[in-house]
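Before any comments, here is the structure.
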């Protein structure tokens, strides 16, 4: 699949840095890396494959700071969760691979899976990284510290009353491995430390903590209980960061956000979500001054209007104070990078959505990255900022900017060729012409190449 | 699989008729039929396969007047139903075949599936009858007249709140095909007649009607609403019986039983179940004098004591007035034949049962037939009566006694060889030595040969 | 309260018969009865009280064939039922009296309570009939044959999980007395007959049977199971009608309606409600030719539009096939009389209703009678027919037309004086000037005079 | 009611201090206080009322550090809560008074109501303190900081689906007044501080904080989420204690207990309850060394065995690690005082309890104090320690030991006369002969003198 050398000649390059676009640039890719980038070159590069970039635009492959490559949506409410898990148990690694292919198909070349069943996600990551399977590059957190499995209050609160115990136990164990579930909330600090130590010693790439609760099906996301005391959190942070891993936090209130800023979180997922309480100015300033990265999840105006028009609960997610928080964070210059919380829903689940739910659905794996860019521009960012937020900034947030996130000589050759200018209209990132990952052209039309959840079955 | 000829020499034969056991009998089987049966023969039969029957006992293959070859149990309550359907959707024909193999493994050579999804059960029936798949001979009713699918009040009342609509619709349509669900209760009599006519014109072998409701998950089986008016029932009976099919009824009260006796039902499933109301003497007499067959579902003392000891809801099923009704029906000489309502639960479901629930479980596909025999003897039948009830009487009830149900020359060669005397102890039917069906020896140890629900998965 | 004699002079009289309005009529009332009615009299009547009827309109007091003088609404769903029963237990007779006063306040001088807790409703009836309490004249059915209490599947299906057992048992017993609950469905026909016999021997005025189920909170009124077999129904009808009582039926399907017409029901409550299945022409004709009375519950266009606009479940009640059935019954000339199924909701319950729910609410005790008149005219009746349906026809249906229902000499003096012409616009019945019941002028402004559920409490 | 002077002569006095019992003591009470206490006096005291104490035992009136004088039990689960609130709304002050009378009837002369609807409890407190109503002396916390009302996740999670909104809103506002509900968890620290400041400026006597969640009906008390961050808690503590009020904490995990010890809680309710996680030794030591008071809620062996025999969820409350924690706290010499969490259930609620639930029920208002004493002796305390824990130590914990808690000259005359020796058997505190409160003899037989919830109604 990987061409030996690729040249892209005469293209307008937005390289992901603060630099302004290079018009008439030529790029040479060898051995999976950018080896030469020339501004207005007298002569074009030769290569095994030559792409005529005239009238086209190049930018780094998109990076998503927060995905879950199984169907988190089905797990986080009671609609379809048991069905989903029973249907795909035993094929979850394939599901993760299929999801990584959906991401790649729409231009996201790197994803950070911040919480998933360890075995399937690590299996998929390794298969892709080893080149056995095509897909978006995966960095994986495995299980989340302090998150119980699908058949618990953290996901589907009473699903156990509808499933066999053995199945539910098996699934919960898979999702909590190596023992990171809710029992940590009741444990002695030393026991918690032992579990987290065990976790960071596995081959995960990052670690995530549930700072506030995840009672999504019990109380419609309206709560923000704290899961850990400050001294326990400090200990967890210290173990994770001491092991050289980036620490991702889940918060859902202004007070919990304040705490994780105090404690030094690296990536703060949906930190603009504060149960509709506007952040006080002092907190906006504190976050804006902070070195860590927010990974907010805005909604496009079109999606938001759709939700409000049909009185949908999702209107609460990206609207009201949550949007207001984000507007002020942008204005204050806070660190903000692309994150969608996207996941892969199967065809049965998707068939249940209304047109309003489907339009610019923020959790749409793949297309969601572009919705993020558009939503951020609608919320106050410039196109340039948004594009940087969706590429270089994710790389910085996770400490992989030495090799990913920009189109610069020496970096890994993840690059998108677009048919229209993303600076003029950031939505043009959807006008994908070519996706190159690791220096190879991806046959996006062929993805997913082993359909599992995207297949429309004929059953008897 | 089928030996060309089989001889069983010197065996004690209980032939399924009213005749007393033939000691020292020899039996010759050719082309799937009994061709010679000799009493105390001077010389033994020669054959491709010769079985030395000395010290052994032979009886007709068991016949079960009421099974459901998918997991009716999971469907009729909320524990595990969604999981079961999601896990096995697309493999339901295989499930039915596996279930038919479990029945055969334990000596039941013919089963009457009185209600199931049409396509899988007919598919399995045809595969077995064509000799493509080993298994108990299946006679199938397809869907039940007036029964809605799994995702309705007739089974799992609120399961739709936990599943995708598309999945639930697909499953319900499968189970109600060709449109026999609860909408019939609201229709005009002519519309009902049209639907039933359409049903009997398919290739079903028998037909079943829900005379009373099946609100099993809403009200713990405590209700007995009538589904159809008397004139609508008359019309249904007339269409079914006019098409030459036997009509099976589901009743759950003394009044509904009275009605179906008046209307001329052929097989009355669990007619002893009357919401714990004892049948009045007049009803006992009426049923005893009636030509149709009751297909009661007794429980063994051991099972009953277990249920009562742990205060289990199942204690209500076979105990109290339901047992008292049955004792009086036996005493009054009513027609009663073997029926278990058995189904095939998967390994996850079975793992959830307590030891008390598993012991002599009446709905245990295969073993359940012997529990029926034991339970009926405990309730007042002689061994001889019970054995006839489990063989010949089922054949008479369904009008197939010209070819099945007894060991007589000219009949299909379904025969069990036992290591101990079933007249002395009817439980000895469990001491199976050899199962012969259609004149072939069954390799029971190899069954099920394509395990689906009985497999214990290793998952990732 | 009762004036010795009352004269109404010079009024336009719609007397409730088929006669056309008498212009310039004078009416003399003595001892609670109409004693003289003169057409265009030369001289006016003298009396203790003389009403100048010039420019005004007189009509008989309205009669409602179907009310429940406690809050049936709260009982039939889970919103507020436990609260209502706990708050008013011990004061239910007062509630019934208050409700009868609300009816009277808006011109309904006679109500038929077709189902209620026996003791409170009979207590209220007797207090009003004895003149101890002002209120609409009550005819009462007591409990309904085959209806279980509020804490059962017939009303609030799982309310027992939220209440103490002693309270729930006490309330259920009150509502089912003398033992008419769902256990009848399981009983032997002779036992059912005994219970019904016991019931008709109490001092009830009429009797009602649940022919179809009342599973209102389990399945959103979508079911129509039959409660009794035809022979049991025949027996019930025979006992009730044999005791000289009118028999009222609750049906909810075309087949159950056909049955009660066959069996000879006197009053058929909401017989147009057929689970949205249009009645076949043959049934329309059969009902139109039938001597018994339908008591349909139409909705006004305004209410119906409101319900449809907000997607309310109540839209199903009076719309679609239910309205179409009614249009055809009117066109076919079927017997149809006023019935509202109205009940008295308390102030907390009313505060929960949306504006759409409150506007022309068909179950509004008192005002609901006028909504019925308007709705029937909108559905196809003439004003004259509708007025007759709300007065004389109810009296005929219940066999009390010898004394009630029309303004004729010798009848009980229940009469309304209106400020505008109800023939021109039937809604003018709401323009009440004076209500006279039993020959006495009612101080409607003072009603209810002992507020219980209509009071707006101040609590600590 | 109050005798002018009372003398108790020749009694054995356990005075509530560390002193050993005074045999043959005489006590003189005047103006509500102890004025003379003589050891082995030559002559007995004269008084308006003279009690012959020979063969009897005197001890201080019992004090209960944790009660709720309405029915917390009904509120904290879904059984009976709506019913209770609807039945008694408008009479809650009377309920509190009745409850205080039940406490007094069984010898508890002072109760600390640590959480209740403000208006009723303060009303009852003031009525009793002003001498208008007899009853146990009440110190009241009003609402709990961070606790939402009965119709919320903190009590009856889905009760709003069964009640009118107006009623539920009214009740919740009553319980949360002046705005201390769950919204505090989402607020900015300054807003929280404002609310708490407003609270301490009312006329409450103490204040309580929910440090961990109260999700009692959602998750069967299995959770221990933190409600407030450490800095918010510090601020709350500072405001409460700065206002001179004692601060009471609700914790339910070892980590939350550690936090409140660090922050300086005064009274730690049920601090032995740690979701069945045994306290680490370091925590036992820390608590034992701490100046604040634990108010544990042990169960008697008899109650515990009953709960375990019937597999009752309450077995979890006082058994396993919770008892083990308590044994070790006693052994380590931790401060421990009497607290029952008792409340007043009504007759309907009590009728629902099984015999096992009623026997030594720890939450039995009145009798529960003696069950506490017995349970603590069974868990390792001496009788002497337990008696001190139930009298003097509560006074110390709440800083009222200058006037209450011991039988010493100058203190308020709350004293119990017993017929048997409580040192020999602490259960003898139940053998009450005379209760004196504020220097007056209480007619315990007449209590409650205005029965509300204890009345057994006759209803129609």
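When the chains are written out, they are named A, B, C and D in that same order, and each has its own residue count from 1.
We take it that contacts are C-beta pairs under 8 Å (C-beta built on N, C-alpha and C of every residue); 3 or more make two chains touch, one makes a residue touch a chain.
Owing to the predicted nature of the structure, the values given are computational and were not obtained by experimental measurement.
In this assembly, the chain whose C-alpha centre lies farthest from subunit D is B.
Our note on geometry: subunit B versus subunit C, Cα centroid distance of 51 Å, whole angstroms. Note: centroid distance subunit A to subunit C, computed from Cα atoms, is 62 Å.
Residues of subunit D in contact with at least two other chains: none. By the definition given earlier, chain contacts exist for A-B, A-D, B-C, C-D. Those residues of subunit D lying in contact with subunit A across their complex are 153, 157, 185-190, 213, 218-219, 223-230, 232, 253-256, 258-259, 274-275, 277, 280, 283. On the side of subunit A, the complex with subunit B involves touching residues 78-87, 89-90, 92-93, 119-120, 123, 159, 161-167, 170, 174, 347-349, 351-352, 457, 459-460.
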